[in-house]
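Shared between the two complexes below is chain A, which has chain B as its partner in the first and chain C in the second.
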Partner chain A sequence: MATMRAPPRKGENFELSADLNSEYRDKRKDAIKRVIANMTVQKDVSGLFPDVLKNMQTDDLEQKKLVYLYLMNYAKTQPELVILAVNTFVKDTDDPNPLVRALAIRTMGCLRAEKIIDYLCDPLQKCLRDENPYVRKTAALCVAKLYDLKPELVIENGFLETLQEMIADSNPMVVANTVAALTDIHEAAIANGSATDIFIVSNTVLNKLLIALNECSEWGRVAILNALARYETQDERESEHICERVVPQFQHANASVVLAAVKVIMIHLRGVRSENLIKQMIRKMAPPLVTLLSNPPEVQWVALRDINLLLQKRPDILSSEMRVFFCKYNDPLYVKVEKLDIMVRLASENNVDALLSELKEYASEVDVDFVRRSIKAIGQAAIKIDEAAERCVNVLLELINTRVSYVVQEAVVVMKDIFRKYPSTYEGVIPTLCANLDELDEPEAKASLIWIIGEYANKIDNADELLGIFVDTFTEESYPVQLQTLTAVVKLYLRKPDSSQGLVQRVLNTATKDCDSPDVRDRAYIYWRLLSTDPGAAKSVVQAHRPAITLPRTTVAPALLEELIGEISTLASVYHKPAETFVGRGRIGADALPRKGTDLEDDQSTARKAFQTVAAGQQAENLLNFDDPTDTQQPSGLAATQVLAATPAAANLLSGNSSNPLDDLVSIFGNTGMGSTPSQPPGGGLSAGFGGLSFGGAPVSPVPPATPSVLQASSPAPPQPPARQQTAEEDLLGLF
Partner chain B sequence: MISAFFIFNQKGEVLISRLYRTDLKRSIADVFRIQVVSNSDVRSPIITLGSTSFFHVRVNNLYVVAVTKCNANAALVFEYCYRFIAIAKSYFGKVDEESVKNNFVLIYELIDEINDFGYPQNSEIDTLKTYITTESVMSTNIAAEESSKITTQATGATSWRRNDVKYKKNEAFVDVVETVNLSMSAKGTVLRADVEGHILMRAYLSGTPECKFGLNDKLVIDKNERGSLGDAVELDDCRFHQCVRLDEFDSSRTISFIPPDGEFELMTYRSTSNIKLPVKVIPTVTEIGTSSVSYVVTVKTNFSNKLSATNVVIRIPTPLNTTSVDCKVPNGKAKYVPADNVVVWKLPRIQGGQEVTLSATAHLTSTTHRQVWARPPIDIDFQVLMFTASGLIVRFLKVFEKNNYNSIKWVRYLTKASGSYQVRF
Partner chain C sequence: MAIDGLIILDPFGHPIIQSGFRSSPPAYPLLHIDAFNAALEKSARGSIDPVLFVHSLEYDASSVCCHVKHGDLRFLCPVTGDVDPLYVFAFMKTFIDILSEYLGNISSETLKENFDVVYQLLEETLDAGGHPSTTFPNALRDIVLPPSMLHKMLSVAGVAALAAPIAHGQPFSSPIPWRKMGVRYNNNEIYFDIAETLKATVNKNGAASTTAVWGRVDSNCKLSGTPDLLLNLAGVQNLNDCSFHPCVRIQRWTRDKQLSFVPPDGRFTLMEYRYTSGSVQQIVIPLQIKANVKLEESSSMALSSTDFQALRSCSSLGTIDITLVSRLTTRSLDNVVAQLYLGESATGVNMVATNNSSWSFDSKTKTLSWHIKSAPASSSFNLRGTVLSQKYLRPSRAFRVTFDINQHNFSALKVEQLKMTGELYKPFKGVRGRSVGDVEWRW
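So, the complex of A and B:
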């Protein structure tokens, strides 16, 4: 083995060649091992092909396997020589020893040389009907290998029909591999568009699968459960039957079997109407899900991501189990982060105290990212549970008093959200926040504090001083901070016109003249015009009432959630993204989007309805509320510019399926932060309103004539927030 | 499914490389080396680049990596990686760079047997050992007939057992091993306490024995079904080895099975109610100014004085700027380990119902910037024989075989904690 890592000697292959032709069996075998070792470290040993091939005919099973391993690697590069091996292979498929027969057929399928493929069909035909199940199960998979290489051979030789018959095999393992092979072929055929009906799980197939399920190996069970998930039930009774037969699999030791069973049940529960049965199934699902957490961290992580999805679909599954998601000190970060998210999902009035003391504990840990997320979670708990808001605020204050920079900054951001949810409730906190002004160096934290100062300008005596600091450094700040400063100063002016006239002049001047972000300039111009034409209108616009924020129950669109629940345990469910985003082209193509659009049609229409109601119910000036606080969380200045610069086509892409170029403005207000979802419809209305205003410089009448009918006309399909959120994420993923 | 399987050492050198499917090139290994091995900030066990996903598991400085090109079943891929590790352990003791290098031929043989075209195949260790051995096997030596038997068994409904097992003395050993996880707050309230139980069995039984296994009379397995049984042992959930008939357990709550030959894990369970915590820790930690920290840590054992806790190791974290620690202990040895920033206190044995106290002072250097000390929890490892924290006991193990032989059964209990019995302070 010493040679495995040795530096390449001159003529090493020459030496090996000599040894491979040695008259001593041991020497030859040792040489083969060295060849394999070299192959592993990616040294080129293809030149030894004929020498290795000579050692193929042997009684030594281990040596045979080694030679086969070599062949699988280099057959493609030496197609002429592989033909020499064919005879041995074909002979081996007639060997009395089933292990040898299986080995030969397994290896032949992996050779991938055109020349040898034609010789594969006859032995394969024979092996599929072998009396030994081990050979049959190997042959079944070989059909899938052959299909991968030359589909027409599989069809010509009727192998597909043979496989269909083999589903009825008496041996469970053969059934499992047959199902795996058929599924593999089915998916390949769909991917290349040649056929869509290769493996239909029919009623007869179903019964055979349900019988094999209890007898086959763990991996086989996963294959069978996946096939069961694809079965389309005829009636409710059938759905119930499948659920009942699959439920015992929850007790299996292998996590992938448990998750596959969860998937089947979640899918077939859709066809069940009996509330009782649904309840019973969901109840039985909880303990195994919790048990998945005693697996190794990687498996835990997959389970946690799936639990997160399940909770979005059925928030009641684990309602009494929050404690099991408490982070252990030595959990890997990726597990902790997932647990945190699930803890917030499970938070309720009953357990919020335990949750808060945990989160406080986490906020003193070492990892900055985890600490931030813990603090964010405190804010989410405050927004989710009204009764606990005060306790959350107290914990945040304690954390601010630690004066650890990143803790303070995150806490300030979180406090802003709490102010948005509970306006004018925790004003006593403001002095503490302002005292930490100097500590803030991150744009998000700065912008949050500025928003708070602007919102409560009349209650903060030195608000003009505080904002003055930011106006002085206006051009050095990042765009989100500039936008917030601008708005906050205008608010201040509207509340205390006497003391801040100079400040507002200065900020509008700087923003319109020295600022290079079009967003900031445009906003400054609008404020300026509003203020100079009709201060009353400005007041009603800037200080308009805003809808309260809530915690979104789902992070993905409902249609996507259903799709992902049907993918439980796969990568798609781990990433919470449809498989097309990372398989194949690696990026969702423009042609794929309309399809997504139709999937979401139902949601689009409900969103549209909601939007119309909102639009009709509000006064026009309310719609012009461009102080929508969501913009404190808008994408960074760069992202916003990109959106603006985008062509209408790109805008369409970003905003789901809208065809209106004006909608690209909406994207500016889009954000993926928490709590934004419910405030989206007015946000859409805002930009649409500007559309009506021929936004960009023309003189504007004091109260814009944006009526509901105009809104509908200019925005035929208001983009639906989760859809946009999703596409934005997909875009991020496209970076891969 | 799984397109390729690799093992890397810590430096990112390829030790094992096997492509199961043809949608990848061997050079994909370089991508993993660059993206994961030489990247210090890997925050996820799955990395997806383009349409290629890398699943990795670390074991003793090795990376066990599976690569896929499709929307793969993530749980299955990780389970498969861990199964490979378990098989490798069972074949050559430990899994590290040296053993992988020394056994690479065997590993290739194994990974070809347990995976075909990316689909995991039979991976029952006992069965594998019947036809993949460390000594080279002549195919003439294994008579064709013998192979038929092996292969039939490997694919059959009881793929885990040969049917020609014979023992002179029929014995079965049952080990109930409970791992207690505890997290206790500084105030002494239990934040979470649960027991992970494993019932391990070593069956040396002839023929095809049909076993029935019984636990406590007052045992509640489905927590939600329970009435109010105050002192009952309640299991939140249990999982079984694949030999257990799950449908029978589901319908009648009986645990019946034909065991594999030799050692296996019959059942794992989880319990969160009525847990008896065998060891209590009461820490008092005071920061005296910025120059020192004083510790008084009391450990109490909370079980019958006929039993005792052994191999007790208590790890008490110290601030990062600790220079030295003075410890006083009545028994055992306490030592400051600067590399881990902990005081390690080892006690070979504590009798039940006893109490021992460590007092220590950590001296700190003055640091320029004051960083808040995260105060990681105190962590205790221990073992208590013949004690179960959940209260679970084995009532019976019945063996039925057509030859009607007598069998001897042994039961042992062990409760232990390792790495997750934590007390905050």
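So, the complex of A and C:
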């Protein structure tokens, strides 16, 4: 009968309406469930609003919850209807059952309707002082929600003061939730540009937090630990005290509690001077970090990213635990990649044999990407540990002998880095490499082999023949290969002028006439001019001494590292980028604002220093020290910049090339990150930065008075560095 | 800290259940679902970064999506702001645990059937401001009733404590957040399960490259009142990296290596630990594998050069011969499964397995599995046969072997003594040991 009166499309709603008004309780409850079910599949049940509302007053808590759920859903779109329910809400906050009181206050906070908000304040006032901790805790969180909607109401009603008092609550659950609410409000206020600190973690607050820490739930512990991370200690004793009180959290089963505790300790260790205590803390940190690896791959990945960062700051944390990071063949690739990186970080003379046999194993796996990274890791180990270099080279030779195409190519790229680090040590390998010449089809591998041939042209009898192959196909090759071929042939010519006159003539001809890349053409012109004007100068430019490469101890700039360490267990530490570069809207890092100012200065000074380093070619020995705050050579660096900038040559150098890594360098240090491509692995951008730096390091020997002739021939000299830089950049890129 | 909400996707990538997202624009959850599905489609073999960056249409409003897989369902947590992803993953794990406790098996059917319970759980566990709130199962059962079927079953089974929620005084008035007040049982019993997992990688030469035992002590507590327990374990000195349920008094552990705690009611994990072979004791892998895998068209030829491509077109053949020997002398190994991924090109397998074992080949995952129901002490098994492949065969370089050992612990951890104070009755105690192995054996 009911269905006959209603239009067919409304049939279901009509039935529901009848059921909602049924005299039987079970039928009504069942109808509410069906309404919610329809609501969740996006069917419009707003027409039933008055019928559902009738069922709000009930003793059945479950039914009440479902009705509330319905109200919350429609509050945003139909606030005028929700007003009808306000009275029931307010009445419910006086209910004898604390669950009903808490439910009512929580729901009112979620409704987010302007009109409701005004009715919220009085009940909220009452609930904040409720005798039941569950109600108090719910009310505390409600204040944060209210602040989000109408901050002035929170301030007018003195809720902030109430919250501050509630930190002293006897129930740890209430304390934890109050801390969470205050933190939320604090962050929201900062995001809105408020200058005052709403939640100041004072000394008295600190003590209360430390007491509540051991007794509240895991989520509460995280909130409290985050608040502790913000505390600014007065003296060393206080820092020590915090560290000691937080250390037991390492044994919590919840991984996020463990990492939050690690963060607090890393921050407050800055204030500790006792070497003994620092050592002790670091030692205690290792076991919980290892335990994180027993988790599912998602958690492992996050943990590994954080461990990677921690190791950059404190390489000694896990020094004896390398085996834990060995990859399983069924680990997801994202986990394997992180593990490889950490294994190389932990590599030392003691464990390099185990590492190498493991890496060799990985190099025979199915996944091409992983195989390549494993081979790269072998090269990194060789560069990191001098004593093990020979063993690494032997492993690489074994891999080359497998003759699997991508293995050989990757190994050749890696060998080039080893040649750079240990010049004239492993020349015996060159014939094996050259034997695989035909198999190389990737530009990077080709370019690497050509670099090696050019570098050792005087020791390879048929170097001209080998390079001739590439000169023959010059125009078909990719630009990096063309550039390398060009440089290698010039090197060959400078070492064996008699036999390779024709070759160099040919390559310069092709490069200047038939090549469509301006870079290649320009470089060819420069070489040509250089060779015809002053072969001596050419020699000192092309065969200049190269700075030794080292494995970067950090993948991020030290200033950034320090900031990220303070944000361990956040997204920033997972992406290895400061939060500002990828997080928008509202809730940014807790103390982003006060820090931002100093950051900017840091960045600018970092950028300036980087420039100085680039221009002056200082510290060529260690590429990483470029923005070391303890750098004492800064004044001389600055002076050098100014002197250099005055000469037209240097001005060209600094402004001439738009595709120059210098730009990268500037932009990298200008905004401390690669904001535009946040999901890209952080190594890439920075390696470009290092590439740029080494270009600064390279010209150090040819430019200064050692060869004044170069400075006289000022037109060819300035653009020369790009050639060198290209090589250096490729070298270093190979490392990452 | 802001977890914006939770979305549960069915195997086809459609949302089954999602939380309110009341403080986000309506398109926000959709954006995340789309971003996740798009990433999943693009990735090979479903391996995508667990913390996905989601671009937003608005400038400055980017967010990330943390996701985990459970069965064939996906759980997504969109997150704004600089949040600890582990916090998010920990929440999702907790929520999944709670769901399985309430619903048993979690599937799109059970979720749809009990959506009202799931919604209530979501409301209780995740506050609208993004903070996880009540997640202790003991406290949750007070405020969200388990689905009626389960409810009835529990009351029939005589678990009185579960069947009568909110019967005793006010919820959340318990001074111990993980334990509820006024629990009563007719039979007071507590059980401990010491479960260990051996994870090891063995090199070609048979030497282990890594071995580690991850253990946990699970407990099922059915004790009345507020019992205060003191548990003495034998063999704790060999354990490293212990982590505990919040009920354990850590100071006491640090001082005397004893576990002193007031247990929650019902099932919980008391402690987790790691055990590595030290100088005194070595972890012995309880089985040995001799594998002889030959790939026809001898490897040097097939891989010799760039005409590798040409060879790919012709079919290829591989022979496998594995022998598995149990090294245990008194116990048997149960449910031994050895698996080998044969590579995408594998088309078929023809094997002969010795008695009491069987093999199967899953053509979807390209995995050869060899099952041995029970391997008695010092017994030996063999599997041999050929693999057919369209192209050159590239199997994975390691077998994955899993097995169970009952009544055995690698760490030799034992419950020595359990003392109870605070209550007058005498509880019944039970302890079980169980070990699982997960060994990667390279050939």
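Points worth noting:
The criterion applied here is as follows: the second predicted complex is superposed on the first by the 528 of 736 C-alpha atoms of A that agree within 3 Å, B and C clash if a C-alpha of one lies under 4 Å from a C-alpha of the other, contacts with A are read in each partner's own complex, and residues count from 1 in each chain.
The rule is short, and it goes like this: contacts are C-beta pairs under 8 Å (C-beta built on N, C-alpha and C of every residue); 3 or more make two chains touch, one makes a residue touch a chain.
All figures in this text were calculated on a predicted structure; none of them were measured in a lab.
Upon superposition of the two complexes on chain A, a steric clash is found between chain B and chain C.
Using the contact criterion defined above for the overlaid structures, shared-chain residue A:296 touches chain B and also reaches chain C. In the superposed model, A:441 makes contact with chain C only, not with chain B. After overlaying the two complexes on the shared chain, residue contacts for A:141 are found with chain B and with chain C alike.
Residue contacts after overlaying the shared chain place A:405 against chain C, while chain B stays out of touching range.
In the superposition on chain A, contact is made by A:100 with chain B only, not with chain C.
Of the two partner chains placed by the overlay, only chain B lies in contact with A:60; chain C stays clear of it.
In the superposed pair of complexes, A:177 makes contact with chain B and with chain C alike. In the superposition on chain A, the residues of chain A touched by chain B in one structure and by chain C in the other are 33, 36-37, 40, 61-62, 65-66, 69, 97-99, 106, 109-110, 112, 132-134, 137, 141, 144-145, 148, 172-173, 177, 180, 184, 187, 214, 216-219, 222-223, 226, 248, 251-256, 258-260, 287-288, 290-291, 294, 296-299, 301-303, 323-324, 326, 328-330, 333-334, 354, 357-358, 361, 364-366, 402, 404, 567, 569-572, 574, 579, 582-586.
Chain contact summary for the complex, chain C toward chain A: residues 1-2, 17, 20, 22-23, 47-51, 53, 56, 58-62, 64, 66-68, 79-87, 89-91, 93, 115-116, 119-120, 123, 127-129, 131-133, 135-136, 143, 145, 166, 170-173, 177, 199, 201, 203, 209-210, 212, 214, 240-246, 250-251, 253-254, 269, 272, 274, 300, 303-306, 308, 341, 343, 394-398, 400, 440, 442. Of all the residues in chain A, the ones that touch chain C in their complex are 33, 36-37, 40, 61-62, 65-66, 69, 72-73, 76, 97-99, 106, 109-110, 112, 132-134, 137, 141, 144-145, 148, 172-173, 177, 180-181, 183-184, 187, 214, 216-219, 222-223, 226, 248, 250-256, 258-260, 287-288, 290-291, 294, 296-299, 301-303, 323-324, 326, 328-330, 332-334, 354, 357-358, 361, 364-366, 402-405, 438-439, 441, 567, 569-572, 574, 579, 582-589, 678-679. The part of chain B that touches chain A in the complex is made up of residues 1, 13-17, 21-22, 26-27, 29, 43-46, 48-51, 53, 55, 57, 68-76, 78-82, 101-102, 104-105, 108-109, 112, 116-117, 119-124, 131, 136-140, 142, 144, 147-148, 150-152, 154-157, 159, 181, 183, 185, 191-192, 194, 196, 222-224, 236-242, 244-247, 249-250, 265, 268, 270, 272, 372, 374-377, 379, 419-420, 422, 424.
Across the interface of their complex, chain B is touched by residues 1, 4-5, 29, 33, 36-37, 40-42, 59-66, 69, 95-100, 102, 106, 109-110, 112, 132-135, 137-138, 141, 144-145, 148, 171-174, 177, 180, 184, 187, 214-219, 222-223, 226, 247-249, 251-256, 258-260, 283-284, 287-288, 290-291, 294, 296-299, 301-303, 323-324, 326, 328-330, 333-334, 354, 357-358, 361, 364-366, 402, 404, 567, 569-575, 579, 582-586, 736 of chain A.
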